[in-house]
Every structure is written in C-alpha cells, then in structure tokens.
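Below, each structure is written out as structure tokens.
Heads up, the next two complexes both have subunit A, just with different partners, subunit B and then subunit C.
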Partner chain A sequence: MSAFKRDKKEEEDSGGNPFQNIEKTSVLQEARIFNETSVNPRKCIPILTKLLYMLNQGEQLSAKEATDVFFAMTKLFQSKDVILRRLVYLGIKELSSIADDVIIVTSSLTKDMTGKEDIYRAAAIRALCSITDATMLQAIERYMKQAIVDRNPAVSSAALVSSLHMTKFAPEVVKRWVNEAQEAVNNENVMVQYHALGLLYHIRKTDRLAVTKLVARLTRMSLKSPYAVCMLIRIAAKLIEEEGADNSSPYFQYIESCFRHKSEMVVYEAAHAIVNLDRTTSRELAQAISVLQLFCGAPKPTLRFAAVRTLNQVAISHPAAVTACNLDLENLITDSNRSIATLAITTLLKTGAESSVDRLMKQIATFVSEISDEFKIVVVQAIRALALKFPRKHSVLMNFLSAMLRDEGGLEYKASIADTIITIIEDNPDAKETGLAHLCEFIEDCEHVSLAVRILNLLGKEGPKTKQPSRYIRFIYNRVILECPSIRAAAVSAMAQFGASCPELLENIQVLLARCQMDSDDEVRDRATYYSNILSKNDKSLYNNYILDTLQVSIPALERTLKEYIQNSTEEPFDIKAVPVVQISKPDEQDTKPKSEGMLISSGPTKTAPASREEQFAVRLSNLPDVQSLGPLFRSSEVIELTESETEYVVRCVKHCYARHVVLQFDCLNTLNDQLLENVRIQLEPSEGYKIVNQIPCPKLPYNETGTVYIVLQFPENDLPNSIGTFGAVLKFIVKDCDPATGLPDIDEGYDDEYMLEDLEVTLGDQIQKVSKANWGASWDEAESTFFEMEDTYALSSMNSLEEAVTNIIKFLGLQPQERSDKVPKGKTTHTLLLAGIFRGGIEVLVRAKLALADGVTMQLTVRSQNEGVSELITSAVG
Partner chain B sequence: MGLFQKLVNLLGVGRKEVNVLVVGLNNSGKTTVVNSFKSEEDKMTDIVPTVGFNIEKFQNQNLAFTAFDMSGHGRYRDLWEHYYKECHGIIFVIDSSDRLRLVVVKEELDLLLQHPNICQKSIPILFFANKMDCKDALSSVKIAAALGLDKIMDKPWHISASNALTGEGLQEGVEWLTQQIRENLNVKH
Partner chain C sequence: MEGSLLEPLLYTVKGIAILDSDGNRILAKYYDKNVFPTSKEQKTFEKNLFNKTHRANAEIIMLDGLTCVYKSNVDLFFYVMGSSNENELILMSVLNCLYDSVSQILRKNVEKRAVLESLDIVMLAMDEICDGGIIIDADSSSVVSRVALRIDDIPIGEQTVAQVFQTAKEQLKWSLLK
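On to the complex of A and B.
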C-alpha cells in the first residue's frame, strides 16, 4: 500500500504540468516582449506557448486584451525561426475571433502561403482562412485556387479543408473553385483526394442532379483513396434514402460492390451504410451482417470495436439479423478491451430473452467499474430498453441502477441513470415506489446540483400520488437543512406540492415552510413565503394555478417580451397571457437529426443550444413591416410542401399564427439555372371570411437560391367556424432568361409566368399550442364550473385500433396528451385520452376523449374551454 | 563610441538591427520601393496591393533594416499606429503624379506627426516623391511646399524624387536615412 502511494506521488511530480500556475495578466505582460526591435525566438517561444495553452484552457480575453496581444504577435513575422512562425499561425487562429482588425496579417500570410518555404505554406493557408471574411475573400481567391491544385499534398489538403470552412460565410465565392476541386479529386495523394471530394460534394449538395452526376462519374472511376471511397459510400447512401431507391439502384450496387474492396475500412463502411438504410430487406442485410460478424472475430481491436458498435446500434431496428451474431457476441464478452465487451453485452441485452437478463447483468457487474463513463452510459441505455421490454425484471434492473448511482461518475452519466429510473417509474406503476426510494437515497449524497434539483421536482410531482406521501417529506426537508441555496429552493417547492395535494400533511408542511422563511437566501425565503401564503388560503383553484401548474411560457420569449415592456414605459400592467407558451419539443427530434448530415460533415463539439425554432421565426418576422402590431407570435406550423419534389420551382410554406392574424411564409427555390425570377408573388384565394392585410413579394430569385414571400391575413372576424379553410395558391413571377455560366440575364425585358401550387389549409391544429398540465385532473375538475363544455359522440369507423385512433386524434386536434394517456395499454378495449392546449388568444382548452373499440372506434368527446365558440369549433371540427 | 564598437562597425560584424515603417497612400509605390532594396534573389516579381502589412528585410551599409511595409488603403490606415512605437525611422512614399490626393497625403502626414508615439521622438523621416517618371509628376520642391514640410522642426527630414521601377533616387534617400539613424544610435551609446 505504501509503495503504491509513493508511486502515485512520483507520477504527480514528473507528470506535473509546467503551465499549471500561469495567470492571464502575467502572460499578457510577458507578451509585450514581442514588441522589441529585434525578436528573440528563444524567449518568445515559451511565452507564446503559454498564451496558447491558456486560451485552450478556456481563459477569456476581452477584445482589447486580444487585440493588443494580437498586434504584438504580428511583429514576430520579423523572425525567420520556423517554430516561432508556426506558433504565430496558431496564435492567429486562436485570436482571430476575438481580436479586432485581424485582417492586418493577410498580406504576410499570403506571402508565406505562396513562398518557397514548404513548411509554412499549409499552416499559413489555415491561418489565412480563419481571419478572412466574405469581403476579403476576393483578394485571396487567386491564391486559394492555385493552392488547391498545388503539387504539395499538404498545401492542397489545407486549401481544400479551408475552402470547406469558408463555404459557411462565402458559399458563392467557394462555388467558383469547383474546377480546381475537380482537378484535385484526381490527385494521387489519398488525403487530397478525400478532401477534394468533401469540398466538391459540399459545393454541389443542394443540387441533386449535380450530386447524381458526381456519384455516377466517381463510382466508375475507382478512387484510389479509401477515405474518399468511404465518403462516396456515405453520399450514395444518402441518395438512396432521399430517392427512396431499392436494391436495384446503381448506388446500392456500388455499395455492395465495396464489400469486395481490399481496404477493411471500406468494407466496414459499406456494411455500416447498408444496415443503417431505412428500407433494407433481410436479404441485403444478411450480407452486411456477415461482414460485421467476420469483423467480430478480427485480430485488430478497432475492427472488432467498429463491428460490435454497429451491431449495437441496429440491434433494436433489426433484432433478428443481430441475433444471428449472438455466438460471436458471446465470445466478445470477455474481450480484454472493455469497450468492446460492454458493447457486446449490451447488444445481447437488447436482443436477448428475458431469461438471459440475470446472467448478463452479473457479467456486466464484474467490470462496470473498469469502463469509462461513456460506456457506462451505453450500459444504462441498454438497461432502459430492457426495463421497457421486460417490465417484470424491474427490481433486478432497478437494484443495478441504484448501485451504479452510488458509484463515482460524471454528471452526464449520473443524469442518464436518473433519467432511466424516471422513465421506468413513469412506464411501470409497479416500479414507482422502489424507484422513488432509490432516488431519495441518491439525493442524500449527490454532488450534482442540477440533478438534485430535477429529482426534487420529480418527488414533488410523483410523491403526493403514492400510497404513503409522508415518508418523502423527511428526505426533502433534509435537503433544506444541508444543501446549497438552489437545492434548498427546489426542496421548498417540492414540499409545497405535497401541501397542496395532501390535506392531511398540510399542517406539517406549513410548519416546515415557516422555518424556511428564516433561510439566509432570498430565493428560498421568497418561495417559502409565497407558498405558505397560498396554502393558508385553502382554495383549490389557487393551489392548481399557482402551485401545481408551473409557468408554461417560453422562457426566451418571456425575456424578450419583458425587455420590450420595460422599454415601452407604458402604464398598463404586464400581460403574461401575451407571452407565447412554450412549444413542447418532441423527444425523438434530437436523436434523428444528426444522422445524415453528421455522417458527411462533422459538426464539431456541440455548442450551446440554439434559440428555439419559434424564437428564430419571431425575430425574423418582427423585421417585416407592420408585423409587430400583430402582437406576439403564437405558433408556427410544420413546413408544408406546396410543390412535388424535383420540380422547376420548389415552394414550402410555414403558417405563423397570431391572436387574430396568420402570416404565411412561402420559401421559394428556383432550380432552373437558365432563369432569373423577379417580382415573385403568391396569388392567394382565401376562403370565406379571411382578409388579406399585406403581401410582401420577393424582388429577385436567382438560380439555386431561396427567397421568401410573405402574406399577412386576418382570421374571419367573430366567425370561428370559418377559421378552418382551404386556399388556392398560384406562384407568379417575371422570368428573365439568362446565361447558366454567369447567371446574368441575356436581355433586360422579361415575361410574366405562373406556376400552380397545391392548396393550402389552415387547420385547427395551426391555431392551438400544446401545453402540459402538471395535474390534469385538478384542472379538469376546476374547469367544470368555470369553462364552457361541449360534448358529442362519434363513430370513427375507419379506425381499426385504439392506438390508431389516439394518434390520429392527437394529430388532428394539435393538443398535448397528458398523464401519458397517449400510451394505450396492451389488450384493452377502452381507453381515455386526456389532452390540453391553448387556442390562439390565450384561451385554455381541455379535452377528454373516451374511446371504445367495437367494430371501429366510438368516441365520446368532451371539450372544456374558456370560450364557447372554441369548444364548439373543436367538437364540430371532429365531426 | 568606444574603439571596439568602431572596429565592429568597420568590419561590418554585429550589424545593428533597426526598424523602419513604410507608409503613404495606396498605390503610391511603397511595396515597389521596398522591393527594390532587396537583394536580387529575394525580389518579388509581381506586386499586388498590400492587405495589412508585410515585413521585409534589407541592408544598407552596416545596418540591417526591417521594413514594415504598411497598406495605404483608406480602410487600413488606422492600423499604422500599432507599429509607431518601435520604429527608428519612417519612409513616407508619395505618388507625385496624384495631384488630386495630395490633400489626403497632407492629412495623413499631419495625423502621423501628431501621434503621441511619434511627436515626442526625433526620428528621421524620409519622403520619396515617387513616380517622378510620370509626365504630370510634381517636382519634389513643389511637393515639400504642398505638404508644408518646412514646418517640421523637431525631426530631421529629407525628400528625394524617385522612380521605384528603375531604382532612380532611392539609393540617395536611403543613404541619408541610414546616416540619420546611425547618428541617433550613437548618441544613445
């Protein structure tokens, strides 16, 4: 033991980081040495290294600090020292986004990139690309084109990759380099060929025809670079998906032919592509799976890893095919590489039978402590899938999870365990009490604040509904005594939920809340006072609205409207109803998105979540004339296609709903390279009652660009039934024929033309925003006396199952299912679907649909809403 | 100057390094001027407008010059000042055939002379009345008058008519500058 300790100490000493204690101010101070008349590389190199280290550790510089040190660094161009110069390039790249006037080094870098010193050239290109913007690109265009076809492969690769980055801000300029990229595809060097194909594809990717041609040409020419072949396989796979092609398509045949390629990487890529295609049949699958099966037994760990990882990923979608590899996977359980072993076991878990669960769980337990967090998460996900598949196994799995919870681990890992426990609780009522008990135990000793807060929220929501709510109070109150302010505040909110839902606990809760009013933290005291006051009123409706139901507005929108409110200095009180409610995101959205793009262009490390779609639209729309006067944006619909795919003009529509108006956004794409469109409009024939308030045409629409036409309409006044309508639409424009090469029109005069679009509907769902009620039952009961109720019975003869009926009703009404009532338990013949939402204008809507299966589905629909007309509209729309 | 230093200078070893800043409006010929100072094998063949700046090295007598050849484009003139502090001399290039912009030249020159990092120092300024070969070129005397050079009291200055394409007039100017800088350095020692 003592020997072990000493080892550890020595390790720390020798591996000690020389930059451990560097400090921003002193580094910036030291960097002044760069300004000296004659540069001393021996002194400057360590300082510049420190600066780079510091920036990479995430130290933030102000624009002034960055600019000062940047200009000092520019003076190092005097020195001919190779190492120093290369560090300068790195420094330029790091500071390019923070410092001002970074273009100052343009000429110096162009000189290096075109100079004789080969060591400088590639790195100078990369640095140059990081300081250039669209206006400056013209000046270096000539050099970029030359560099792309340079004889030196490092230079050519650097230029190609930099060009790819630059398409982000100057796609039009980079497009002009397509000939050079084309030439580089023929390069002998494997990397250059790969990078060239990457750029070429990126330039062409919005033009389906061009991509098809590219793939057709390259598949015939037999690329030398295995990397390029892998890329080509990905492009081909994407085309198959987009075209909905089957196994007779040439792309498919190309991928299949790659099974015989001599590079293992390519063979793997082909197998990977085929198992991931949406519509592969078992025959094609068999070949790909047998490749993966072969790789499972390969001596190279990378191959085994790649194979088992792919099998793991498709285990849910193709269980039968994966089961065929069971024997090979069993062999990998004891693989000395723990990552491979983990993936093998979790794959077996996903496909295995209930009887094998216990054995496999025991296997995992033997080495779970040896694997990294990332793979522990894989294990957790497999357990989640298992729990949903075999509900009876919940106690084994739950025990395992709670043991994992007690171990060391990062936030992401712990959060994934907690998420899994929560999913199991929600899915399986039998597991609820044990699950909550595990979570209670966990928060006793949980180092992750955000996770503790989430669990407290869950306890507040679920605890009151259990058989013995009182047992949770102790756990929650302990947090008030022991934790940091944000956890204490969450604990106070959780206790208040118990107070509001369990009358027998109210008195005790009030005592605890009174103690919390003495807390040292403002937020905790404020919450305690707030809840204590409401609870003392003994009013169910107050409880519902101010304790159980939380704020449903979208937070960014709230921030924006509050800012506007403060700036406007009006006397009127702030109206929370005017703030758009938050759109409930679909959970599967994040999972599916990165698939196709991610395979072709890496997205880099994830950045902070972008503003919600609605917020982005809101900002864009508010720039249009007079749209601000319409009030806040209430809801934006999904994108609707108004043209068939692959037509001359592509038109898509998004319907933006306001309290009394709807704004139609038509995004139009011109796919004809010999036409320039001008004054593009949409001629709309609105249905009865609608009034067109404003139209904003798109002045110019060149080839391959998207332009937008807006139409602002007013909903029929005092006539809700007519708010559901169908509009005819025609695209109108002036055509100018032009030269495909330059995009310039041949003549000044154009001629009028038009193009029929599909009809456009404004539906009930467009006017409703989904919301979640914390306690639907309580809201429903309360609404009985205050809301307008309508009821009707319907025979949904075309529906064959309860599930089908549920899905269709949700889609049609655009309401949010509550209390997981969208899940129909297996084998039932009756079901009750509970829904909630808000109609434009801030009108709350609650709906209960009682369904019975008997020769089709019969439905009794009860609607309660704050407005009689809206209740009527919903019942009549269903009929 | 000690005897040893004298010897060193005489032998040309331990050459002194000095920085000069090359400024002037765009298209006045700065890069062309600097280029003609460089040795044959280092010369660039194709000169394009400078974006930002370029660093070039050349020698005159026993001084090693590092020239900061700045861009004269309106958008980048504000950036000259980042390099004022460390320079030992300034080369200010004027296109003598560009009569129209002579007022702009004067404006930029005045700004330069008033800059805190320049006005305190007695650094030499060499003016090249460049492009003297052009037929409507103003004489160096006229240019000196137009720019009011006679009012510069606290700094040594000199103006040479030059043709950067042939090299005419450049040598005379740079020799004057070398002399001035060397004197400045010696005073310090």
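On to the complex of A and C.
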C-alpha cells in the first residue's frame, strides 16, 4: 500500500502517467530485483505491474528474455503477499507461450491449488492449466477432479473453465471428468452451473443420445443462471434443427417457456432462437416478434439494437411477420444510435410496400452521410433487394444510388453500389440506359482502378446492345486520354467490342484505335494493335472468337499446363483445348445467402478464391498410377450418395470425366467402431460398351475414417449413344472384428463380406462442361454452316410450367443457359431457352429449345455441335 | 438461415479493452486467435473503434464484424467485443461487470489516473471476469471480493463482517509471529 503512496509521489513529480515512458531494457533490468534473497513486495509489485503493462501494450520479448524474467518471477513465490502472488500468476499466463521450461513452476502452483488459502486456489488452477500439456495433465488429474467438485465456487469454476480450454490438446483426459462435471451442474452457484453445462455439452456433443438426456433433465430442473439458460436454449435449438423436430417437441416448448423468464437476456435469446429456426410456424413467430417489438421501445440502446438486428434477419425470411412492427421501426429511424437507425430503415425497406419507397428514401438521404461505410453497404444491399422487388421504382432508386456514388467512400462501399446498379441493369431492361449513363458519369471521376476496369468491361458488353451505342464512345475514349495504363487498356478492349458489334461505328473506332497505338504503355499498344488488326479483317467469325468471346479456360490450369509445355520442349504447338474449361460458378450462390444480405459482417479481406474443385481433384487424381496418361481432367460431377447417410458404411461417388475415360472416385466411410475393413473394393457391373481399365482398392479402412477406391473406365469407343449407362455396384471387403477402444483387430483372420450399393449412372450432364458465350446469337449463326444440326420435337407431359421445364432441361443436359434465358418472364406461354457447353474432347455444343405451354410443355429442340454423333446423342437422350 | 443459430459454446467474449481519452490502450485483451492476431491489427482496430465511439454516447456499435458494447466515464472508455451474432445482452452484462468492478476498486473514482494507480488490481479484476474468452464471473461484487483488494483500503463501514473478522485474524497471526 505504501508502495502506491510512493508511486503517487513519483507521479506528481513526473506529472501524469507513471507508465508513460517505460522501456523494455530498463524494465527487464529492474526485474532482477526479483532474484534478491529476501523478497520485498513493496518494491516488486510496481515492477511486475510495469512488466505486465508493457506486455499488454504489445511489446514482444525474445525467448531468452522471457525465460530469464520468468525464472526471476518464480523466486517471488517466497513472498506471502496476496497481490504479488496473484500478479505472478498473471505473469506466468502471459509468458507461458514464449518462455522455455515453464513447467518448472508446476509444483509451486500445485501446492497453491491444493492449499488452504482460498484466495490463491482458483487463480492457481488457471495458471497451472496454462502451462500444462497432455502428458503432464495425467499427474494433476486427481487434483483437477477434486477441484471441479470443490465447495468453493471460484475454484470449481476455474477448474471447469480450464478443463474446457484443455480439451483442445487433451480431449481424452478431460472426457474422463464427465461425472464430476455432471455433479457440478447441480451446484448452487450460477456461474459454476453455467461452466459445468458448457463443459458437459462439449464432452458429450458428438453423442446425440447423451445430449438429449442432458437437455431433458436440465429443462425440468429450472436452472438458476441466466447464462446457463441461454446456453441450454442454444443446445435445444441445435437439437431441433438436427432432428427436424416440429413445434410439438419438448425442446420447442422449453424455448417458448423462456419467453416468460425474468431475465431480458434469456427472453431475447429465446426469441432469437425461435426466429432462426427453419420450422418456425407463424404462431410462434408472432410470439417472438411481439417480444422483440416490446424491446424496440426499451430505454436501453443495447436492447433496441438487439431487437432491431433480429427483426432485420427475420425480414429476409418472413417479411410479412415483421410488418406488425413497422410503426415501432419507423420510430427508431430517428434513434440517436446510428446503427439502430440504419438497421431499422433497412428492415423497413425489406418489408415496406411500393407506396412507401419514396418516403423512406427521403428519410435515408437525411442521415446517410453520417453513418459508417459498413452500414452504408447494408443500406445499399437493402436498396438492391428493393429494386428487384419493385422494378417500377427503379428511377427513384437509381437516382439515389448515383448520388451515393458521388459521395466520399471506400472501395468496398463504392463496389457494392456499382454491383447493385449492375444487378438492376441486368434484371430490368427499362433501367439499362439510365444505369449505364450513371456508371459512365461515375467513371469520369473514379479513384478506384479495379472498379473503373469492371465498369468499362460492362460498358463494352452492354453498350453495343443499346439504342444509341455511339454516345458511350466519348466516355470510354476519355478514359484513354486521362487514366492510368490498366484503365486505358480496359477502355481499348471496350471500344473494340463496340467496333465488332456495331458496323456503323467501325470506321470511327478504327481511328481511335490507331491513336491508341501511340500510347506510352506496352499493354495498351498491344491491345490496340491486336484489335485494330482483327477489326480490319472484316470477318464475323474472327470477331466472335477473338473479341466478343473471351477465354473460357481456368486460369490456374492454363498457367500449369503452359509451364509444363515450356519444360518439355516439343515441336507440337500448344493445344488450348487440353486446358480444362473453367466451371461457371453459380451466380445465385451469393444471392440466396440471406446472411450476407441482412448482416453487417464485413468478413475482413476476402479470402483468395480457392482453386476450383476440378483443380483440387486434378491434383489428387494425377497422383494415381496411369491416370496421368488419360490427359487433362475435363469435368468432375457433384457428389452422389450411394448409401443412406446413416448406415454401417457410407459411400459417396464423384465421377471424373476425361476425354475418353471416366474415373469413378468412391469415398467410403466406416461407421462401425468394432470393425476394421481391409482390401476394400467396388465390384462394378458396367453397362454395354464400357471397359474397366484399372481398379485401385483401399487397403485399410479403420473406424471413422474415409478411404478412397478408384475405378478407371473407358468410354465405349465410337459408340456415343451407349456412353449413357447405369452401373450396378457392390462394396466388397474383408472384415476384422476389433476392440472399439483401441481399434486393434482381435484376430488376424478376417472374413469376406459385401454391401449392396445403389446403382450409379453416367449421364449426359457428366460429359458436358458449362461454358458461357458472350454473344450466343453470333455463335449460333456462325455454327449454322459449319456445325452438324439435329432437330426434334418432344412433348414433356409431366411438366406443368415453363419454369419447371427450363430447370429440368438445364439440369438434364448440363449446359449453361445463355443471355439470361433461364429466367422465364411471368405470364408467357412460350419461351426460348438458349444453352451452350463443351462435350468431352472439346466439342462445342449449342442448343436452342423453344418451349410452348399447352397441356404440359411442348419443346422443339435444335442442337448444333461440331460432331454429328454428339448432336444425335443429345437429341436422343431427351425424351 | 445458416450461421445465425448460435453454436452452444462458452467462448463468448472476443476481446475487452480499456482506452484513454486519446484512444490509447490502457489495457486490452483479445481472446480469439482469429480476431486481430497481431498487436498492430489490434491497435488499428482500437483506434478505429475509438474514433467511431468517443463522440456518440450510443452504447453499442458493429465494427469489423464484431459487436462492441461500450461505456465511458471522464477520460476512460470501456469496451467488450463479441461475434456479430452473439447475444448483445450477454456482452452488456460483461461490460457492466467490468465497469462496476473497476468503479468499486477505485471507490467510484473512475478516471485514468486512478486506474493507473491501481493498475495491478484492475488487471486482476479483468482476469477474474474473463478467461480465454469464457465469462468467469459477471457479478461485480464477487469479482471484487476475489481480486484480493487490500482489505484495509475499504473504509470499515463498507466491510462485511467476514472481512473484518479476516483482518483481525491476520493481524493476530502477524503479531504472534513477530
């Protein structure tokens, strides 16, 4: 205490912060005082505090420095001073990850942990567990078990929490303490109850039955701790989700009963759980929402925030249910907490009617400049949803967006606005011209290079299709004069697209391109020369292939194959067809994720796009013998389940298609803990024409592990119709019974067994890779003369609507829909679906399906492809 | 609604920070290795957080994918951070506990100077509130009783009978040992 008085004096001298100018070297120097024979707490406490403060400020110690100071610190165990001892524990925890030989303090800590001084024990346990590893844990196991059921709640909590931390490195050991944890759940103390429940659930969570029992028991015995109740609600919600239980289940009723809990925390947790469950019916939802509605008017900002954030989530899945709160939400628009106001307004936008759009937009305009970028993005996303919902309001929304574009803001924010405008343009043809005009204006003054490049690309694609393409040229050419090289290059490409698509502009474009050939940047000059050359040839097919359509191959694969090509110096020219075609990612994947729409998760820097599935498979497959000789991997199918998901053996199959072969990859999982499988193979009965080339069995399959069996098949030669086939499959293996605990077999001899699998089909879709054509019409016209055409008419009597027919055709043929023809306008009775793809071996396929709705759907299918057999195959496969 | 149902885990708190009126760190702890792993990222986040919160007294904000609840007094800012899906009221209870504990330790004199004077005790209190992201205790009086507050620092009127008894026992013990 007097140490502090002294400190105060010092501080008055130096004025202000006693920790202001501390230096690592001087603190470490001062720490030597710890080594003196008689410990003086009055001197040591301030020094140790300084050390801890310094570490907390982010100062890094080297392993040697840390070890030295750690050892000096251990000397302080001699002192009986409570605060000094507790600070030493903190020091041990801080340094345990940097210093060497920290286990030296184990015995001192064990002594404190089992000693009589209650004030040491809890903290000693936590410090001890921070320096313990899996092997040392055995030694203190007995003490830990005792501590968990200790009378002193602090000790018990400390032991439980530390146990939970230690499950990370010693799950097996901690599992043995389940009985103690069980006992601790019944503890009177609220925190012990909470920690015990957490540990118990963590130990049991893979065992569904045990969790069910746990929940059943605890829901009956009304837990005291609100934290424990929140935890229990989460467990119950997870069970409901996993079991697909409906609202009559006891878990559901438990969560509902929590609405009447006296703690707001619990009530909110229950409401949050209910609205997030998939199977919530409108009745429960109404209850949860009325609870949240109540919170909207609460005096505490946190409560209002929680309520409106949850309502915002609900608005995505059940907009109608939220309308009841519209009045409360409107009151929150003027909330002094901007986060609450923003969430309220975006919720209203999601639920609002067409008539209220103008009013809401005006309200947003008043505060949009005051909120952070993150919230602006949320607003933009809400506007996007609104624009899709009410296409007629596009002019109001578009004006608003363009005003936002002109404001200050970071890249992410601007990009989200540009994205929204682009989606509106694509979705709503009426908005196209105004949208493009706004974007043109924006790139006039855009500081983000990547964004400008994207917009120029879009202009090149969409501009030529508008009524007056010439008006965009000025904007694009301005970029060539004013911007940095990468934007200039993009502008050149965009102009070339105008040249290729609009013959009346060609002459002018050529003049501009000629000027670009004087550019100071190599890339810009190269592009200009390249395009001006192609454009001067006046050949439609050249335009299509080299200006309008870009490369379809996957870039990482191209890089890899080019590298390989350079290494083996062959005379042969490089074959671009050998490069796997990139799979078109499903655009709706992002759109359907409600989370990204409603929540404000800026996931930090976006992760670099993972290598495509094909790439990953290609690497794995190329390690197999003989597979390399099959050529490049063409396409991998989705995973197909050949068994039910909860059987003894689970088998999934992926079909990898090559130019003339198919490799079947069977991933097998053994779910029986008393069996070890050996020599696992698949007996396949291929359909006519298929030849099994090779089979790679899986030598050993222990419990809960996945092993892989490969089968290489050759497609029927010169017999395309037979390439679609159904294979019977049987899983064969040798079983050895084994001890579930150790996984070692009881006997050396096993016995043969087999397991029937579901039939496996190789479909047309497996052999086709989706590609996207920038200008489908041009390619189609060009194909008329050179490709083989087949045409047929079908009656699809089982289809009841055009949408259904379109989805099924796309799925069946495995082709990529073009020019957004997969969206059927509402209320039409005819529709034309345009598709494109590449058949294995690099054969281009174009398909036009004209659909008409009468009784069922009638379809006229026209197929054009480079190979007669393929055209025939496709027409014959349908029907 | 993938991801919005909360995993039943005890790891609730992602970080706790006490900043001064210039946004500089007095104490800060981050409990999740994936959230601001380096000290530089932490300090950038703190600066950013401070800039967004020091003017508006709004209690809660979402920043960098975290829900942050906060409270300020004179020249101190207290923050508790959790994942953006976390129950905000739980985070708030932790913040209240932190603030009340500090307030009791400093005898209602919650300002920077006082915190620095009793920094050792405040550190111990933070350690008692949250361990590796798990809430250890959210009741300020029980936290204060655990941090070994020098008993003779509390005016005698605010001591419990047990504490007085304990003091008497200690003193007796020491006088015998002498």
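Of note:
Operating definition for what follows: the second predicted complex is superposed on the first by the 593 of 879 C-alpha atoms of A that agree within 3 Å, B and C clash if a C-alpha of one lies under 4 Å from a C-alpha of the other, contacts with A are read in each partner's own complex, and residues count from 1 in each chain.
Here is the rule we go by: a contact is a pair of C-beta atoms (placed from the backbone, for glycine too) under 8 Å apart; a residue touches a chain by one contact, two chains touch by 3 or more.
Remember, it's a predicted structure, so these values are computed and weren't measured experimentally.
Contacts of A:165 after superposition: subunit C is touched, whereas subunit B is not reached.
Once the two complexes are laid over each other on the shared chain, residue contacts for A:139 go to subunit B alone; subunit C is not touched. Looking at the shared chain after the overlay, A:844 reaches neither subunit B nor subunit C.
Of the two partner chains placed around the shared chain by superposition, neither subunit B nor subunit C is touched by A:112. Ranking subunit B and subunit C by residues of subunit A touched puts C first.
By the touch criterion defined above, A:38 reaches subunit B but does not reach subunit C.
By the document's definition of touching, neither partner reaches A:519: not subunit B, not subunit C. By the touch criterion defined above, A:71 lies against subunit B but remains apart from subunit C after alignment on the C-alpha atoms of chain A.
Across the interface of their complex, subunit B is touched by residues 35-38, 71, 74-75, 77-78, 101, 103-108, 110-111, 136, 139 of subunit A. Within the complex formed with subunit A, the subunit C residues making contact are 1-10, 25, 27-29, 39-40, 42-43, 52, 56, 58-65, 69, 84-85, 87-90, 92-93, 112-113, 116-121, 123-124, 127-128, 131-132, 134-139, 146-148, 150, 152-153. The touching residues of subunit B, when paired with subunit A in their complex, are 17-19, 49-55, 57, 66, 71, 76, 78-79, 82-83, 85-86, 88. Put simply, subunit A touches subunit C in their complex at residues 1, 4, 7-8, 11, 16-19, 45, 48-49, 52-53, 56-58, 60, 82-83, 86-87, 90, 93, 119, 122-123, 126, 154, 157-158, 161-162, 164-165, 191, 194-195, 198, 201-202, 205, 227, 230-231, 234-235, 237-238, 241, 264-265, 268-269, 272-273, 276-278, 300-303, 305-306, 309, 313, 317, 336-339, 372, 374-375, 593-595, 599-604.
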